[in-house]
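The following blocks contain the structures, represented as structure tokens.
One chain, subunit A, links the two complexes that follow: it is found with subunit B in the first and with subunit C in the second.
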Partner chain A sequence: MLTHGDLFALCGAVLFGIGLFGILACRHLVRKVIALNLTSTSVFLIMIALSIRTPDGSPDFVPHAMVLTGIVVSLSATALALSLIRRLHRETGQWELPDVLPFDSTRRTPAGAAGYSVVDEESRVQRSADGEATDDR
Partner chain B sequence: MSEALWILDILLCGSLVWLGCQALMMPDLYRATASFIAFGVMMVLTWARLQAPDLALAEAAIGAGITGALLLSVVAVVSESKPATTERRRFWHCVPTGMLIVLLVPMLGVALLSLPMEAVGLAEEVREHSVRAGATNLVTAILLNYRSYDTLLEIAVLLVAVLAARSLVGGSSRSGREDKSFPLLTGFVRVVAPLMVVTAGYVLWVGSHEPGGAFQSGCLLASLGVLLGLSGLHAPHRLRPKLEDLLLVLGLAVFLIVGVGVMFLRRNFLEYPPEAADTLILWIEAAGAASIGVILAALFVGGRLAGSPPGDEGRC
Partner chain C sequence: MTAEHAAIGLIVVPMASAIVALILRERQAAALTVAAGGVQAWLSSSLAPLILEQGAVRYAVAGWGAPLGIDLHIDGLSTVMLIVTSVVGVVVTLYAAAYFAPGSDPAAGRKPVAQAGAFWPLWLFLWGALNALFVSGDLFNLYVTLELVTLAGLALIGLRRQTAALAAALRYLFAAMVGSMLYLLGIVLLYGSYATVDWELLGQSVRGEAATICAAALMVVGLALKTALFPLHFWLPPAHANAPSPVSAVLSGLVIKGSFFLILRLWFYVFPQVVTIGAGNLLAMLGAAAIVWGSLQALRQRRLKLMVAYSTVAQVGYLFLVFVLAAGETTTLAWRGTICFAFAHAFAKGAAFLSVGALSEAVGSDELDRWRGLAHREPVAVFAFGLAGVSLMGLPPSGGFIGKWLLLEAALQHGQWGLALVILLGGVLTSIYVFRAVTATFDSDAVPHVRPVPEIMRWIPLALAFCATLLGVATGWLLQLLDVGAPLPVVLDDPS
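Here is the complex of A and B:
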């Protein structure tokens, strides 16, 4: 006999699968972050759906507090991930991670050596040598 | 009556799954983010349906609000940059991943359904001692007393995130858009800003016996900060960097001071004396709300709220 909590827990499992697929299969980094958020939210949904299973019917509040912590921490993780993506775009001009390439030590920047085809490598080297920081436009 | 509840539940779950798929499959990132924000709003309804009003408040402010705003600000940069060279879609790469997911999700479902019908938790003990814990709202009592160590570390995590964002992005990245002015937005923010401050204070105060508390209040303040930034009504040069840094660490500092201070009364770390528990919780929550507001608003602009006067430097 399926209860309401079970229905939401199954919905959370399906959302977890969707989010996991998004993390693994999406190439654009911002979409990966969205999928990561989806996965976190699905886990919270499963936890709260399971918290209704108390003998007297009123919910168990300990998972509620944990999920509240989890929501705030996942927000900070999202913000940090988006900062990393912005910085990656500023350094390499890309919004996706490259395919795995062998380390190329003849390239002049660390980003180039890691496999990114840097848009304007010469001027970027010059600018970082001058110590000038550019913001993303 | 119960049929209506079942219909509601099925509609909620169906819309969650649909919006989740939309958020990942839309080729346009703006629409994907809009679907994700709508997903957050449906999650608010779901939390309310699952008898978790504190979570509904927090999700409305954070999940649908600040996360959506963060994503939109990055998507704006994405759509401004010239499109990268897109390789041909390697569709067959998705098949092994898809197979993994198709195997994993039913196993997860079976595991969830096979859990015992009635879980043994700590709900009874939490309810019993809630008056001694200092808050009648059980979620606040758990967050600020029973599991106060978790909350302390959570505030520390927020602080680390904003420091890391500062070192990565380093500075106000929004001033490039100040040439546009939106009179409707400006007027709206002028009306709404005092209301948001009062509401944040109320939510903080009422959190001891009703749904609410430090996190929801802090997120309201952060949303206010984001609105001020977006409408151009903020004055970054008025906020001194030292004051901003002080506000960032205030929550963690007050928490630590209280936690260590009770050790001088021959108690353990963070073990509040029962007669003063509610006062201590209120102080910690107030400092925490201020900190969380400043931290989340700073995360939105890239780490640093306080800046130099507009038009002063060539840096954007």
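Here is the complex of A and C:
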């Protein structure tokens, strides 16, 4: 007989699978981030479902502490991902990662092509679109 | 000074300095980082004799014990990793101070790097998180520190804000987060079965049931994704090649070792009864494939930073051979060989990336064709690269040679002829691409015009490469330290 704790845990497992599929299959970067959040939330759900299963009926608080910590970590990772995506969009105008070419340098890509190129040491100064060096932290 | 205080200091000093560095101007932040690095080097070197005499130390931070408090566990392996982190960290900090500083003579062509001010707090956070990772006593705290390391590393890769760097950082982010989620799911399963996340307690109570085996598989795969084991290495070459040189040195030298350190903790201390010969064989075969594939891909590269990054993929393969070699009587041999190899690799790869950075700055590009004749202009940096290559190849005398020698001995004693062959083949392939790069720089027909490079950026890589070489003759203390808390001989479960 499935208890409601088991049901939550199973739901978490299914959501983990859906999220993992989303990260791998979605091309749009924001969708990938949403899928990543889904994955982490599903793990937290499983963790909470575990805290129900104690012999005397009162919940176990250690998973709660772990979930709170995990939420903070996941939040920071999402924030970083979104800011990197925003910057990438500002640079390329795309919401997807540049094509996954073999990222070796055996093919000579012309400078400025929208391909995947290794950054030159020459271009260490970052210039924004209007030509001034930006400096915000 | 007790071992506990040293460990706490190693976590608190970089974290506090990181917070202070957020409000300082760039030059002051650089000075603060150098000072913090010096303190950490002193703390980690004073930790070594303490651990040698006391053995492994377990410490409940602020007196609050597990399960709600955090325990620190410091043994020989932790101390070794702390020492290598401190030394490489100090050296990279000095290099970065010169790398990010604008030249005093703008006419000479040194342009300032935008966003350089953000490097110092991020680097200090990464450093503190690495230190915390090496001394954590429970799996969940290891997850938190691992995430800290990853996020700080990501921000450092994206520092230059160019398309290639941003795309590489995003790819690394998704790969690393998937790895973390798999690892976290494993923790959840373990907590559900044993009601503890303390890895020492888990090691004593783990049984071979379905949930535990599933947890072991999830955690090892997730961490293998973060350590860039073949075929999960796809994110590493662009990420390490597109980062600024000091960041690449730290990523390849230290961050990779962080997640590998976790796999070692899990395999030998938490799951020794659960892991099977099949699993060990699988990891070792993937490691062997990584050695061959990484070296072959490195041979094909025209750009040196990508070449060195693929070399990291190959060297990570050597690290994974321990999971089949450390069984029965060869456990100590394989354990020592792997850690020695990892230690030497941190120095050698750091030296390689830093020297490539200095040479790229001199010539303006890291394409091998532009480097023809460079040895005539920048002999010190080329020599540093060559010396680092000696350790990467595993030629005596170097730390890489000691590591490979011990691994080879373990492989031969174990009867693993295939692995022994692959270890030797890896050395040969490494020598091909290192020699190709170095001999190109000796071409005297095409001596390039170079820009001035700060003196310290030439000599620092040489110092690191020299450390890697010195390790080849001064290994005794390392092996002694590794014996503290070394895992007992693992007897792998024979399915027959």
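We take it that the second predicted complex is superposed on the first by the 103 of 137 C-alpha atoms of A that agree within 3 Å, B and C clash if a C-alpha of one lies under 4 Å from a C-alpha of the other, contacts with A are read in each partner's own complex, and residues count from 1 in each chain.
Just so we're on the same page, a contact is a pair of C-beta atoms (placed from the backbone, for glycine too) under 8 Å apart; a residue touches a chain by one contact, two chains touch by 3 or more.
Keep in mind the model is a prediction, meaning the values are calculated, not measured.
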Under the stated touch criterion, which partner chain does A:Val14 make contact with: subunit B (first), subunit C (second), both, or neither? first
Partner chain(s) touched by A:His4 [first = subunit B, second = subunit C, both, neither]: first
Between subunit B (first) and subunit C (second), which does A:Val62 come into contact with in this model arrangement: first, second, both, or neither? both
In the superposed arrangement, does A:Leu36 touch subunit B (first), subunit C (second), both or neither? second
Which holds for A:Ile85: it touches subunit B only (first), subunit C only (second), both, or neither? both
Let me test your reading of the model: by the given contact rule, A:Ile46 touches which partner, first (subunit B), second (subunit C), both or neither? both
Comparing subunit B and subunit C in the superposed model, the one touching more of subunit A is B
Tell me which partner A:Ala77 touches in the superposition: subunit B (first), subunit C (second), both or neither. both
Scan A:Trp95 for contacts with subunit B and subunit C and give back first, second, both or neither. first
Residue overlap on subunit A between the subunit B interface and the subunit C interface 16, 19-20, 46, 50, 53, 60-62, 65-66, 69, 73, 76-77, 80, 84-85, 87, 133, 135, 137
Considering only the defined contacts, which subunit A positions touch subunit B in the complex? 3-11, 13-22, 24-26, 28, 30-31, 33-35, 37-38, 41, 44-46, 48-55, 58-62, 64-69, 71-73, 75-80, 82-87, 89, 93-96, 133, 135-137
Quick check: in the complex, which residue numbers of subunit C touch subunit A? 67-68, 111-115, 117-118, 140, 143-144, 147, 151, 154-155, 158, 160-167, 169-171, 173-174, 177-178, 181, 184-185, 187-188, 191-192, 195, 197, 237-238, 241-242, 244, 297, 300-303, 305-306, 310, 357, 360-361, 364-367
Give the list of subunit B residues in touch with subunit A in this complex. 5-6, 9-10, 12-13, 16-17, 20-21, 23-24, 29, 32-33, 36, 39-40, 43, 46-47, 50-52, 54-55, 58-59, 62-63, 66-67, 70-71, 74-75, 77-78, 80-81, 84, 93-94, 97-98, 100-102, 104-105, 108-109, 112-113, 115-119, 121-123, 126, 138-139, 142-143, 146-147, 150-151, 154, 157-158, 161-162, 164-165, 168-171, 173, 176, 215, 292, 295-296, 299-300, 302-303, 315-316
What does subunit A use to touch subunit C in their complex? 16, 19-20, 23, 29, 32, 36, 39-40, 43, 46-47, 50, 53, 60-63, 65-66, 69-70, 73, 76-77, 80-81, 84-85, 87-88, 91-92, 97-98, 103-106, 108, 116-126, 133-135, 137
